[in-house]
Structure formats: structure tokens, C-alpha cells
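Pasting the structures in now, so scroll down.
In the two complexes that follow, chain A is the common piece, with chain B as its partner first and chain C second.
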Partner chain A sequence: MSLNTFSLAVAGLVLAPLLGGLAAGADRVVTARLQSRLGPPLMQPFYDVGKLWSKVTLPASHWQGLFVRWALAASLASDVLLAAGDDVLMCFFVQAASASFVALGAFCGSSPYSKLGAQRELFQLLAYEPVFLVAVVCLAKASGGFDALSIMAAQGPLLFKLPLVVPGLVFVVLVKLRKSPFDIAASHHMHQEVVRGVYTDYAGRDFALLEIAHWADVAVVLWICSFLWATGPLQMLATGLVFLFAAVIIDNISARLTWRTMLGRVAPLTLILATANLVWLYLE
Partner chain B sequence: MIDACIGLLVLWPVAAGLACLGLRSQAGRCALVMGTAAVLAAAAVGLATQAPLTASPAFLASATALHVAQAAAFLFPAYFLFKGVQERHGLVIVFALAQLALAAVGEFGLAAPAAVKTAVAAVAAVVCDGLSLALVLVVSLVGTLISVFALPYMKRHEEHLRLATSRQPQFFMVLLCFLGFMNGLALTNDLHVFAAFYEATTLCSFLLIGHDQTNEAKKSGLRALWMNSMGGVFLHAGILLIQKQHGLADIQAIVDPALWTGVSLLPLALLAVAGCVKAAQLPFQAWLLGAMVAPTPVSALLHSSTMVKVGVFLCLRLAPVFEGTATGRILILAGAMTFLGASALALGQSNAKKILAYSTAANLGLIIACAGLGTPTAIAAGVVLLVIHAVTKGLLFLCVGDMEQTIGSRDLEDLRAVMAETPVTALAAVAGSLAMILPPLGMLAGKWAVLEAASASSVPVVAIAVGMMAVGSALAVVCWVRFSGTLMGGVAIGTQGGSKVGAQPAHTSSLTTNLTIGQTTGLTIGLTTGLTTGPILTLLAGAVGLGLAAPWLNALLLGQGNPLAGGWGLLPPLFIVAMLAWIIGLKVLGRQSKARLAQPYLGGLPQAQPGSYVGPLGRNWTLVEGNEYATEFFGEAKLTRLAGIVALALLLALVGGALA
Partner chain C sequence: MFGSFLKTAQVKSPWLLHFDCGSCNGCDIETLACLTPVYDVERFGIINVGNPRHADVLVVTGTVNQRNAVILKNLYDQMPTPKLVIAIGACGCSGGVFREAPNVLGGIDKVIPVDVYVPGCPAKPEAIMDAVVLGLGKLKGILEAGK
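Our next item is the complex of A and B:
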């Protein structure tokens, strides 16, 4: 490992969660403006985490702290893998491991809402993972390599080779950002039927760490989306922002779907589109 | 030295099995089985130090061995025919007769035996390369551990059944012979000897599945018998065609792609179908599912280290020929279809053993897809998957069997929160199920390598297979996370923080020091516990250790100097991350296990007593939890039919495509 890769990895470790946090803040500002509210400041998510950190942790199960740390480690590891320009498919699997740990922690909890959220989290995983995986293979096939560096070094924007992957990636971003209509496992508003779903039983410092893991996840997902137009850092940032704002707008104009609709209709449709695109790349 | 190792690997278990038949005492049997375990392990390791090698040990290279194999081609079907007539089972009779006819054609009709260059005349009777060695190690280490586990298990099993005379001697005879036959099958280089061992494993599985002699066991045994003798028909037909086309019986000579340029691949397609039957690929999964009526050690043995591994071994053996051929492409699709279909079927199940069974079929499908790809990287990934799957699945079966004996049910809903009852076994099961799906462990690494190998191909059909593997992979993740989450749901709804305190320290200490606990219980509580937890913990260590060693296994198989070539170099840094997360996680677990637990959140409803809430009508409502099995998507009846039809069509295309 060269010094350059090492510094990139460290930068990814520090910057990616921060960027994810900023994305969460921007999301809240934009949502407030869309709803004609003033909304919180951009840095509000960081203040929230700071406040959570100061609370006494009252775990619902002895196992939750362990799974939170494992989820955080996996999320940060997936950021580092991308930042160091390594294999995107492995990064995808590491990121999926993080989601599994969050669900496992919720399974160990004591509240029925937490367990319900865990079941739903798994169905979400089932819905978005295949299309995300196929999208990653498409990116690799179109650019000629699985490592992030060669995807970013591809000639011209990959978007024009991968138009059918876009609906799938939007779906993935909506699920991973826990946005309506796919905020099925954990709603943002506690008065809804799952309360906080998979997050219900996490508290205090554990929950703060989980929030940071979530930021890291958001950074990974948007980063992989930004490979669609990876002709330069600014273009990548712009592509990521386009996906983020698309998600925010869809969140504000749609109501929650059931997991049956997600699994029975949306997931197969996006998967078929993405696979069709993959077949077409093989034909080239 | 080599001859001695091979002799011990093949002949010792058979001899020990026969000796078991004469031993009525439990202690003698324990000594014999454990001695066999030690001998096989030592011989397998001894062989591993010499591999890759070719040899001609007298007992396999002699003309006598070939005569025995030729006789076996008649004797096994004759026995199957006898059983079929005795039980009045039409399909068994039909396939036994077909096998007899094929054997007769091979012996007297088609080719004069002199024209067939058998292994005796060829270079070596035994060829031990990476693939054979992998199977031998799996059989000799995992298989024998399962046999050791069977000692206390079968004792309890028979106490439970209240048998007048113990049937354990027969059971252990078949069990041990099975291991010897598997080793012979892995090592032989002659198609006829291979076919004889193939039939021998069919016979052993029939006897073991039907061991309990209940109606259900008999039915399952006969189902396994007719399906696998159908596989045998395909195998013999394929071998006859190879004799006719090439006059060869030397496996190493047959898997040379140069031999098959411009020639129909039909014989190999038939052999691949025979492999798919043994590997319980859709639509032949029924025999493997039926096998779970047998005592747990049998299902563990069939699923992890023996029977089904014959099928994938055969396909992987032929794989070099499949690279880039139409037959290979259809085999990729068939494997991916089973991976997808069986994973979906597993997700809809609440029966823990059925989950394991479908998951076995699914993982073998992935290995078969590797064989269809046929590139060196894909084959290496397939062998890595074969080894690690054997260890992990063996572990999971033993855990489920042990939990089943403890709580008396194999339903996942009944196993909820079993962590409090059997912490060591439950934690081992959780670790095993996470080892099936989590990076950087071997199963995931193998899956990842297959996906990358598949995307290196340039055939559009493979893109469909990649899509199917993507769905199958997500299904497997969900299935195993739910499985381990259900076992771990340690604190039942509404339990007060203090009430579980007694159970909790056991969890923590068992995580940190489970090996020492396993040893001390083995010594203090007695041999029985030790023989149960010993194999479980050894397999656990094996599953994790091999899972971590996957890059090196892969490099050994590929013959590369640098084990971390390609993307495999990512895994060691991920190990370090995982180790750090493990240490930090355990520290936090230690700290939190002393913490006071929160009251369960029930949306603000008052709680009269644990596990209930005061709701409408002022009544006390009890909370019940259960998993969502989504049967409208993953219902067994519908999905079995649908996936079975597609898979059957693919297998027909496999044979039909090679005909054209």
C-alpha cells in the first residue's frame, strides 16, 4: 500500500461520514423550505449526535452495543475501501454487512416495534441488494474493472451506457436514506405505526454511533451513484447531489408504501431493468 | 508413505465399520470411532503434505480392483432391484433395471474391455490434485467429527425411541464405510471405480436415511434411492458413451479440453446431470429434504461432507472442458437457478432443518455455476466454497440437532431465544450462520469471486446468471440474519431487566472463553457433553479459521505465488478491521452486560406484567412475536413447482443442447 493510498483511505475514514452528516443536514434544510418552514441549521445532525452522546445509555439488550460497533466498523470500512480505490463489489458486501448488524441488534431488542422494524429492515435489504449488486456489476462491466479507480478512470460519463440502472439506483438511495415511500423499516416521525422501527431500542451513545454509521452508509451509496458521471471530482459531487435532491423531492411528494409493494413490484421492476442493461453491456 | 495414506483413507473406515458391526458395547464403539477419526485425520494430513501427486497403490490399481468395480456395477443395481421389489416401489425397480441393462451393455455388448484403456494401463490409479485433496480433507476431518458427534447423539436418540435392541452397530458401520467410499471416490482416477463408489454412496445414504425404520424414514429412503439411482443411470450412460467415443476410462485424460474439440459433449452433459442429482439441484432437491427425517448426524453428513459433495466434485472435475462451451453456459444457468430458487425456498421456511437443507442446495448451485464457468479462477472459487461450505454447514447441522434434542422442536419459532437454554450451541449456530454471509469470511469471499469471474465472461447468458445470483445472495443474507436474530432474541418481550441477570453472564463468558468452557465441561460433566460440544466447537474454529484462510486456499488451488493477487488482497486488511471490531465489541458487551436494561417500549401503554400490556377494554393483552415468512412470495408448494419446472427445462436443455 503506497503512502498515497493510505492518505486517501484516512481521508475517506474522516471525510465520508462528515459528508454524510452534511447531506443529512442539507436534506432537512431543503425539506423545510419545500414545506415553507424555516427548518434547522445545516449542522443540526451533528448537534443531535452531540446531544445523544451526552446521554446515559439504557440498552434494551446487552448485545446492542456490540452490534452497533460492528455496524459502525463495517460502514466505515466500506467508505475506506472506496476512498482507497479498491474493489467496489467487496465494498458493497461490507456495506450490506453493516445493515445486517443493525437488524441483528434490533432483533435482540425488547420492544415489539424494534422487532417489527428488524423484519422490515430485512425485507428492505432483500429488495434493494440485488439491484444494487447488478448496478455495481454494470459499472464494472462498462468501465472494465471492479476497482473504484478504474471506474473513475473510465472514458466519458458512464451514464449513457447505463440508463436503465438509474431507476434502480434511485430506489437504492431512497431505501438507504430511509426516505418515503420506502421508509418502511424506520420512519422519521415517531407518531407513525412502526415508531422508529429498527432504531426504536437503540439509545444514547449507541444511537449516536449508529447515526454516524448511517452517514457513512449514505456517503457510500451516493458515492457509488456518482460513478455514473465520474469525469472529475466536481462532476461526481454534482451527480451525488442530484441523487440526494431527487430523493428529498420524492420523499416530500409520496406516502409510504407497504413492504409487499416494495418487494413484489418495485424491486422486480428495477432489477429487470438493471439486468437488461447488464445483458446489453455483455452484448457490446 | 503415500500408498499407506491412501490405503488408510479408503480401507481403514471400511474395516472399522465392519468391526463396529461386531461391537455391542458403547465404550468400544466410542474408542473405535474416535480412533478412526484420528487415523483418517492423520492420513489425510499426511496425504496433503505430499499433494499434488499421482500414485498407483496396489489395492486400487490391480486388476482385482477393476473386477470388483465391474462386479459392483451389477451388484448394487441388483440390490436396489431387490429393495424395489420388496417395497413395491416402481421407480426404484425401473432405474435399477436400467442400470443393470447399462452394466450389461458395458460388460458384454459395446466395447471389448481390452480396447478400453483403464487406469491400470494408464499412468496412475490415483490422482490427488487440489480438488481431490479438498474432498479428502473434508471427508476425513468434517466427516469424522460428525461421526464422533453421532456417538452421544445416537445413544440419546435410541433412549428416546426406546428400542429393544440397539441398532447402533449397523448405523456406525454404514457411517464409517461411507467415509471410506467417499475417500475412494475422491482419489480414484478410473471412471469405473468412480462409478462403483458413486453407487456405494447411494446405497449408504439409502440405508442411513431409512435407519429409523419409521414409515416416513422408509419413504424418504426410497425416494433418495430412486433419485440417486436415476443419477446412476445418467452416470453409466455417460461412461458408456465416453468408452464408445474415446475408449478411455482415465479421468485425467477425459478432462482434457483438447479431447473434446469438435466432438459432442453429450457424455459430459450426462455426467453433469448425474452430478446435479447427487448435489440435490432443483428439481431433484426432494431427496435431500426427505433426508432430514434421519437422525441429525446423518443429515449433517449428507449435507456437509459426503453425498452432495459427490455431485459438485464430479461437476468441478469436468469443469475445464465446460469453459466457453454451450453446455457450460447452460450449466451456469442451471446452477444459478438452483441458487436463486433454493434460497427463496429457504426464506419461506420456519423449519430450521429445511432452511439448512434448501440453503445447502443453494450453495451447491453456486458451486455448479462455478463448474459451468470452467475458468481456473471459477474452479478455484468453487473448491473454496466446497471446503468452507462443508465445515460451516456441518457446524450448523450439529448445532440445530443439539438444540432440537434440548428443546424438542426444530421449528425456528420454537427456537426463539434459545440462547438462554443452550448458550454455547446457540452462539455457535449464530457464528456459523454469520459465517455463511459476512465478509471477509470464506463463503462470502467465494461468492464474490464467482461474481467477478462471471462478469469477466463475455457471453450475454451469463448476465442473466449474474442477476439470478444477485437475488440469491440477498435472499441468503436475509435468511441467515433472520435465523441468527431469532436465536439471539435473548430478552423476550416485556422481560424485566433484572430477571435475566442469571442467564446473562453465561452468554458473555461463553463468548470470550467458549473453548475453555467446552473443554472443562467435557472433562467435568462427562464424556457425553464433551463429545457433543467438542465437535461443535472444533467445527466452529474450523469454520472461522478456514473462512479467514480463504485467500490462501484460493492461491494454493490456483498455484499462484502471491495469495493476495487480484481483489483477494483486500481480505487481510478487512480481517484486521473485523478483529478490531470484535475486540471493541466484546469490551462493550462486557460493559453493557452489567448495565440496567430499559423497560420495553410499548408506545406508552401501561404494562401490568412482563410480556403483556394493558390495552383496549382495560384488558391485559399478551404480546406474541413471530417472523414474517412472506409465504405469498416464498410459499413452498408454488415456488417448488415454478423453480422446478425452470430448472428441469435447463437440465433438459443441457442434455438436448449437447445432442445437437
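Our next item is the complex of A and C:
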């Protein structure tokens, strides 16, 4: 590993969660403005995590703390892999492992809501991960390599070769931002036992670490989305922001659906579209 | 610097757990009105949570009676420290017009320690928001004294 790659990896490790936190803050501010409210400050997610870090509470299970730390390590590792220009497919599998650790931790809790939430989290994984995988394969096929550096070095924007992948990526961003489906989502103002089931037994520092892992996850997903227009750093940033704000606007102007709709309709439809794009790339 | 940020964060991010202990729903409606765009308490970082393990402030409306006293105590015990309790409305403060009823124990402070009392029947949203701010001032004082 060269010194340059090492510096990029360290920058990814530090900056990606910070950018994910800022994205969460921007999401809450824009959502509030769309609802004619002033909303919290941009730094609110950081205050929330700082507050959770200071809380004194007993863990619901000792295993839970272990899974939270594994989830955080996996999420940060996926950021590092992307920042170092490494294999995007490996990054995808590592972030999927992080999501699985969150569900496994919830299964360790004693609350029935936690277990129900964990089961629904697995349904969610089943719905968006195949779409995300096909989208990554499409990116690799269109650019000629699985490593992030070759995707970013592709000639011209990949968006024009991958138009049918866009709905799939928007679906993935909506799910990863925890906007929809409403009976799994954990966005703010949606707090009930079943709705935020997966987070029921997480509290205090464990919950703070989980939130940081979530920021790192969001950064990875938006980063991969930005590969659709990777002609330069500013263009990538703009593409990531377009996906973020598209998800916020869709969430605010339309009803959130149930997990059954996600699993039975949205996931198959977006998977078919992304697969059709992949077939088209192979036939081209 | 990190310690100072953590103290600021505790004051800037109060998550409320609202428990209706036997209210007529008048105070509940006023409490939930605080979350609407008219009052928009989220601008102070306040959000309404449904899980005591995530909550910092327990907002209780209505009287305590023999049946719900155990649940109220249980919710309070599940909240991580430091935590605040706000009693909303005449019933929450003292039992109100129901205080002489045979099944009623009285106000919230008969079961758990209360930090801020909000009088009124029902309490106004402005008074509820003021109570949260007062409570946070008290929390800040506790944090400052603890350093």
C-alpha cells in the first residue's frame, strides 16, 4: 500500500462518517422546511450522538455491545475500502455484513419488539441487497473493472449507460436512509414499538455507535450512487446530493409503504430493471 | 473539549417520552401540539420517542392511580440517567379534581421524583415548552456541579 493510498484510507475513515452525519442533519433540516417548520440545527445529529454517549444505562445483552462494535467496524471498513480505491464488490459485502450485525444484535435483546424488528430488518436486507448488488455489477461492467479507481476513471458519465439502475439506487437510498417502508423505518417522528423495533434494546453508548455506523453506511451508499457521474470530485459530490435530496423529497411528497409492498413489488421491479440494464450492457 | 461538547449535547438533544397516566386527553393534545409545525419543538432538538431506553425527559399527563403507578415507575426506571420528569396539568401536578377519588393516589410525585410542574387544565403548549427549557436548565446546573 502506497503512502497516498494510506492517506486516502485514513481520510475516508474520518470524513465519511462526518459527511454521513452532515447528510443526516441536512435531511432533517430540509424535511422540516418542506413541512413549513424551522427544524433542528444542521449539527443536531452530532448533538444526539454526544448525548447518547453520555447516558448511563445497562445493556440489554452483553452480546449486543459486541455486535454493535462489529457493525461499526464493518461500516467504517467499507468506507476505507472505497476511499482506498479498492474493490467495490468487497465494499458491498462488508456493508451488508454491517447491516446483518445490527439485526443479530437486535435478536440478542429480550424485548419481543426487538426480535420482531430484527426479523423485519432481515426482510429489508433481502429486498434491497440484491438490487444493490446488480447495480454494483452494472457499474463494474460499464466501467471495465470492479475497483473504485477504474470506475472513477471511466470515460464520461456512466449514467447514460445505466439509466435503468437509477430507480434501484433510489430505492436503496430510501431504505438505507430509513425512510421507507414505514413499518421498519427508523426515521425521526416515527417512534413506536414495532416501527423502531430493531432499535428497541439498543441504548446509551451502543446506540450512539450504531448511529455512527449508520452515517458511515449512508456515506458508502451515496458514494456508490455518485459513481454514476464520476467525472470529477465536484460532480460526484453533486450526484450524491441529488440522490440524497431525491430521497428526502420522495419521502415528503408520497406515502410510506409497508414492508410487504417493498418485498413483493418494489424490490422485484427494481431488480428486473437493473438486471435488464445488465443484460443490455452484455449484449452491447 | 470533548467533555464540554458532551455537556452541550445533553442540553441540546432532549428526547421526550410522553406517558398518559390517566389524563382526559386535554393535556395530551396540548403536548402533541408542541410537535406540530405551529410550535415546532424540533428546532430545540426535541423529538418524541416511544422507547424509555432512548428517552431523556419523561412527560407525564393525568393522575396516578393504583393500576398505572407500577407502569409509571417501570418506565422511569428503564430510562437511562441523567433524566428529567415533567408533570403536565393540574392532574399530573396534584391529582386535580380527581385527587379525592378512591383509586387515585394523587400527582406524579407520589410515585417518582418530579423536576418541573406545569399547571393548567389543560396546560398550554407554550407552558410545556417552557417547562422543558426549565428542566434543561436544571440538568445543565447538575452537569456543571458534577465537573
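Here is the rule we use: the second predicted complex is superposed on the first by the 271 of 284 C-alpha atoms of A that agree within 3 Å, B and C clash if a C-alpha of one lies under 4 Å from a C-alpha of the other, contacts with A are read in each partner's own complex, and residues count from 1 in each chain.
Quick note on the criterion: contacts are C-beta pairs under 8 Å (C-beta built on N, C-alpha and C of every residue); 3 or more make two chains touch, one makes a residue touch a chain.
The shown structure was predicted, so the numbers you read here are calculated from the model rather than taken from an experiment.
Applying the stated contact rule after C-alpha superposition, one finds that A:S2 touches neither chain B nor chain C. Look at A:Q155: by the touch rule set out above, it reaches neither chain B nor chain C. Residue contacts after overlaying the shared chain place A:A32 against chain C, while chain B stays out of touching range. Touch counts on chain A: comparing chain C and chain B, the chain ahead is B. In the superposition on chain A, A:D201 makes contact with both chain B and chain C. Contacts of A:Q119 after superposition on the shared chain: chain B is touched, whereas chain C is not. In the superposition on chain A, the residues of chain A contacting both chain B and chain C are 57, 60, 195, 200-201, 203.
Partner chain A is touched in their complex by these residues of chain B: 347, 437-439, 444, 448, 451-452, 455, 457-460, 462-464, 466-467, 470-471, 473-475, 477-478, 481-482, 484-486, 488-495, 504, 507-508, 567, 570, 574, 577-578, 580-581, 584-586, 588-589, 591-593, 595-598, 600-603, 623, 625, 627-628, 630, 632-633. Interface of chain C with chain A (complex): residues 5-10, 12-13, 15, 35, 37, 40, 42-45, 47-51, 53-54, 56, 80-82. Put simply, chain A touches chain C in their complex at residues 28, 32, 35-41, 44, 46-51, 53-57, 60, 188-189, 191-193, 195-196, 199-204, 207. The part of chain A that touches chain B in the complex is made up of residues 57-70, 73-74, 77, 81, 86-87, 89-90, 93-94, 96-97, 100, 103-104, 106-115, 118-119, 122-123, 125-126, 129-131, 133-134, 137, 140-141, 146-147, 195, 200-201, 203, 260, 263-264, 271, 274-275, 278-279, 281-283.
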